[in-house]
Amino acid sequence: MTTPLLRVDNLRIALASDGITYNAVENVSFEIGRGEAFGLVGESGCGKSITALAVMGLLRRPLSLGGGRIVLDGQEIQDAPAAEMRRLRGKRIAMIFQEPMTALNPLSPVGKQIAEMFVLHQGANWNEAMDRAEEALRQVRVPSPERRIRDYPHQLSGGMRQRVMIAIALACGPDLLVADEPTTALDVTVQAEIIDLIAELCAAKGTAVLMISHDLGLVANMCKRVAVMYAGRIVESQVADAIFATPSHPYTQGLIDSLPRLGERARRGRQRLTEIAGVVPSIQAYPAGCRFNPRCPAVTDICRTNVPEATSLPADGLVRCHHHG
Amino acid sequence: MRKLIWLAAAAVAVLGAAAAEAQDTPRKGGSIRMTAPYAASFGSLDPHVTPRAQDDIVNKAIQRTLYNWNTSANKLELELAKSVSVSADGLTYTYKLRDDAFFHNGRKMTADDLIFSYTRIMDGSKGYPGARYVRLIKGAVDVEKGQAKEISGLKKIDDFTLEMTITDRVDPGYYFFAGTTAILPKEEVEKGNFASNPVGLGPFKFKEHIPGSRVTTERFDKFYKPGKPYLDKLEVLIMAEAAARDVAFRNKEIDTSILGPAQYVAYRADPQLSKGILEVAEMFTRAITMNHDSIKPFQDKRVRQAINYAIDANLIISRLVKDKAYRATSWLPPSSAAFDKTVKPYPFDPEKAKKLLAEAGYPNGFEFELTTSQNESWGLPIVEAVIPMLAKVGIKLKPKLVEVTVLTELAMKGDHQAYIGSNLTGPDSLATLRCYYSKTPRTACNYTGFKNPAFDKLLDDAAQEGDMAKRNELLKKANNLLYDEAPVWFFNYNKAVMAYQPWVHGLQANPTEITHQYPEEIWVDANSPAK
Amino acid sequence: MLIVLGRRLANVIPTLLAVVALVFLLFSVLPGSFISGMNEDGRSAMDPAVMERMRKEMGLDDPLLERFAKYVVNIAVGDLGTSFRTREPVTKMLSGRIWPSLKLVMAAMTFAILVGVTLGFLAALKPGGLLDTAAMVGAISGLSLSQFWFGLMLMYLFALKLQWLPSFGYGDGGLRNLILPAIALGVGPMALLARTTRAAVLDVLNADFVRTARSKGMSERRVVEWHVLRNALVLVITIVGLQFGSLMGQAVVVEKLFAWPGVGSLMVDSVFQRDMPTVQGCILMIVLFFLAINTLVDIAYVVIDPRIRYR
Amino acid sequence: MSVALKLPRLRLKGGTSLWVGGSLVAIAISAAILAPVIALTDPVMDANLMNAEIPPCWEYPFGTDAQGRDIYSRIVYGARISLSVGIISQICNSLIGVTLGLTAGYWGGWWDDLVSGLTNLMLAIPSLVFALAIMAILGPGLVSLVIALGLTSWSYSCRIARAQVLSLKSQGYVQAARILGYGDLRIMFTQVLPNILGPLIVIATLGMGGAILAEAALSFLGLGIRPPFPSWGSMLSEARDQITTAPWLSVFPGLAIFFTVLGLNLLGDGLRDILDPQSTTRRN
């Protein structure tokens, strides 16, 4: 196998609270090849978003990198100096956030916010940067971009704003795009358009995607491989098709069961996930043993005491469950 | 280098001047920065408009009146006239006016200016405060009522001779030395903006007024006293806040400052500052005025005497007022000719007070409300010291704090049981004692409601008496009668204290008001830092 | 912008009218009158006959409603009446006081903004750091100071002990005389601004779009310059406006202490002397100033924040 | 939000200021309550001019004043007055503000317009100026002071109450309660008041500090508390002329004001972190 574009190895994210350090995320490992789309799935609070932030080097207090390695294109970046990381961010790895409403500066015209990328990373002057921003807007299929670049975010619809975010993220042709719930806040009708746009543009430019979502269906459609996270750990990782066919972890099973049968997507993940009894535990109160044990339908005594080891699945897959195999 | 030489020269000059400080020849030139301590602004620079002591500080520099108060002789004397002759009945005065007095606009003063000024003051539609003095002139009241255009008692004989007929046998000097009767030039008044551009006969001419901050005046070269004024410039800076004034004076930003008790102690104790202290017994008597009409115990002489015995006034004066006052014996101040030096003030004798109260039928005391302002010398702090003293003889005192403005109004309305205040008791002793004359209305200063036929008789006789020495004898008797009757608690006569910088000379100890300096006498030596 | 101005004006006029009425009524029931106030220094006795005349001249005995009606009509044509004390038009007295007041208020606000915003800003960049703690302890102490006490302390330290600055007065109206009163007046708004700025900057620093900016690979400095400053400014400007507007009224104490010839000291002096036309004029002036500054702030919003226009 | 974390830093900070502020205020309150017990002398009647202006010593820990009264005892008793000025005036402000705000938001219409107009008016006239006018009318004294300060700064609580009612109205709580047959008053008390109690307490706490400072300012201007009972502001104001000769006269009341107001401000800040929903939203 060739060197993957991104390799996350045994990642641990620490949370300092009232003088005590908790592991918000631990033992997380995955690989993304060049041009490959990789999905990270889990409920709110499972640690997927902070994993993405860790990859971006954007963890802020009280969160910090507790251990493990993040290797981008053969280069370890987890301890890279701030200046080094800044050069990577935006240029080689870019990110799209969940809330297009708040992720754009309300007091700055969107064109300018795109143009900043060219000024920052390509040394363009503002005039040519604005021209290229217009071009970038056109690429993400914003109608009449020549007028839109002067608009402020509040003048655009949610979908348009997310397109602007995509334009910003892809402006400098990054190798990796981290998309953190890019469609969650959008109207159902727009969601598919945005996903298609991301998929299409990334395919065209050969950009790899780390797609983060609570929506297993959405991720499975777009991504080649999928990892399911629960309470700071990856519980199962498989090829997308296989995960539907043979879910190996009770939690994955639960996620699949909660998907609407008729293929229609409900608007909010929370409503669907109520079908798994209970809630995600808070970081300060992770249960011992398998962290899913309080909610697991198949729980036994061992689940409450021992952390399950990873078991290999076909095609580089893995699962962490005492009851598997 | 040049600067250095200049500095050295300046140093030599300063040293030389310091060495020659003992010399008494006034130096010409320089400037002085005086302070106006009574309010945060001047009322008006039109002297007819305001009766405030604060405004008169400036008016003394710019304006002149027919009479003035000679501080060194401690009596009234002619200012704008060279001589005066009085008719046999004592009611017609003929003034020979100065023929060398010029207004700042260059015009010479004549009798017409006096007539104009006094007539203006009597303008009935305006209510100028000086009317109370000018009303002395025959026919002035008719002008005030609008029944006449001219004051019949004023007659111009020639440009420099004025005949004035008055209605009472009094010394007109007491009336026409007040700042509100200043002589103004008609043509300037009629321009309509006199208050912002005052013109007068004084030694300094108006230059600039920054409202709320200061008035600047400049030497007037045609002033009628030869060789005066000495100063080139006189500034009056408004500084109502005593603590700020203290800092400014110590910082040498001002040349004169008025001291309160606390600062008086500090300045006296300071080896440097103590050299520049001017003290004078002002004609103010501080007292607790008891309202005889409002509360029964006060109608009994023994109760009033008991209060005078019960309060240790000497202790309050020495400890609280820091000796910035003279113990009061009776109503008239020591500077009055009718003051009896042989009378001793009420001693502190609580036992006697208790006895008197018992005799009067109040063995267990009584309770009264004392209205007071926040004034440090005749207000709240004094009351706070008096409370426990009166409590010891059984009298319960409830203080009521008001603003000075309200205090005056309450006193005039009689809407009080007692109040503590400062009373102007000079220079006209007869007028001062009238405050206890039974026919004087409460609004006109009979704040006690005191009624005593013997006292009334003495005052009537005094008013009829043409011989000043005899009149003073009668007034002395009246004043001693007041001492015995004790219509008020006699507290103290104010000791006004002005601090001045060592380079200031020629300040006058004016007992009518220490801030009222005749500035033509003031000079500064070369040590003065002011430009 | 015109719409904002228009809407503002429509608000201002009723407020002003209400202020006029309120102030007029309040002071018509004040005990003591100008005439008894003439004896405020306890040194100038008055003659009852003269007092009567003065009451008549000043119309103090007319029915209240009649006086009020007259007053409002006169204000409409820009006549604030005649001062009891100086017998000059109140407008003229005020005109001499406005510039010193403005100068003091501007200087105090400049001090407050320069120090307060800078401190708050630096504190927010390193929350919990030494500077942050020191600045916030300082700010909360600044809010707990009695103004006249602080002014007095400044006076003693800088004028008397160090002799750096004159202790009082207007002088030639230059900077040297301005510094101490401006600091005494500005310390409260400064403290408030430091706190507000810190909170605003922290708020903005936690905003999603700042994370976006970071994800673009910007240095912290660029993030702050390009995205944080302007957004924090919108929040800070409200406080600046409110403080600025009311500063002229708050200046009362400082003006009195430092013998500064402003509208505030004129007002206090006039209250104590019961010079009602002047008091009313002063309050009207202070309120007008407040409203004017707030209108300016509204306009500033429109300039800074594109969202406002479309509300 | 996908990052479901509490920001512990804020909570810690609130804790510190709550603790420090609370202790300072507690000291002031206990001084006020225990005044007759812990004072060494009577603050009014024990004037003895022979003991005037003694610097701090063993017998008089804070020295004596110009009338020879023990400053420590006066400060202890002064706590009663200064704190009651703060507390009562803030209760007045809260009552006025909440009543106006609740009714304006609830009933709307011309009443709402009137209240909004009044609020703007109160904001436009600086409260010190307003208080000065009221003090001049009523004359110096504790009652006038409480009225002056209690009438002049209710606009903040009024705004908060009104905003809360409007937001509850838009969320349908009020309609729901009405459908259930609750009366207007009951709705206001059960639905609205509990929601604004937090911010109200914060405003009142901070306002108390402001009232104590305003009392000092008014004393300085000559319109303070009725004598002879000591308030810190009047003590400070009376002592200012003696600052070079007897500094302890002003130092101790000055410190009493400073630490009490500081305590109230810190306490208000600390409470805000706990009680004010607007600043807690960010944490969840």
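Should a chain be cited, it is by its letter among A, B, C and D, assigned in written order, with residues numbered from 1 in that chain.
Keep in mind that, in the parts below, contacts are C-beta pairs under 8 Å (C-beta built on N, C-alpha and C of every residue); 3 or more make two chains touch, one makes a residue touch a chain.
Source: prediction; values computed, not measured.
Counting C-beta pairs in contact, pick out the pair of chains that comes out on top.
That would be the chain pair B-C.
Central chain, going by Cα centroids?
Taking the mean of all protein C-alpha atoms as reference, the closest chain is C.
Going by C-alpha centroids, which chain is farthest from chain D? Tell me that one.
Most distant chain from chain D: A.
What whole-number Å value describes the gap between the mean CA coordinates of chain B and chain D?
Here chain B and chain D have centroids separated by 44 Å.
Indicate the whole-number Å distance between the mean C-alpha point of chain C and the mean C-alpha point of chain D.
Chain C and chain D have C-alpha centres separated by 22 Å.
Can you work out the whole-Å distance between the CA centroids of chain B and chain C?
Those two chain centres are 38 Å apart.
Measure off the straight-line distance from the CA centroid of chain A to the CA centroid of chain C, and report it in whole Å.
52
Spell out, as numbers or ranges, the residues of chain C touching 2 or more other chains.
31, 152, 156, 256-257, 268, 272
Any chance you could list the residues of chain B touching two or more other chains?
As it turns out, chain B has residues touching two or more other chains at 243, 402-403, 406.
Which of the residues in chain C end up touching chain D in this complex?
11, 14-15, 18-19, 22-23, 26-27, 29-31, 127-128, 140-141, 143-149, 152, 156, 203, 206, 242, 245-246, 248-250, 252-253, 256-257, 267-268, 271-272, 283, 286-287, 290-291
Contact residues on chain A for chain C in the complex?
My answer: residues 56, 58, 83, 85-91, 94-95, 97, 99, 102-108, 116-117, 120-121, 152, 154-155, 165, 168.
What does chain D use to touch chain B in their complex?
Residues in contact with chain B: 44-50, 52, 66-69, 136, 139-141, 222-228, 238, 240-246.
Please name which positions on chain B make contact with chain C in the complex.
38-41, 43-44, 46, 49-54, 124-129, 131-132, 135, 144, 195-196, 210-214, 237-241, 243-245, 247-248, 250-251, 253, 284, 375, 378, 402-406, 408-409, 412, 421-422, 424, 441, 443-445, 513
Can you list the residues on chain B that touch chain D in the complex?
242-243, 246, 260, 262-263, 265-266, 312, 315-316, 319-320, 372, 374, 376, 380-381, 383-385, 387-388, 391, 399-403, 406
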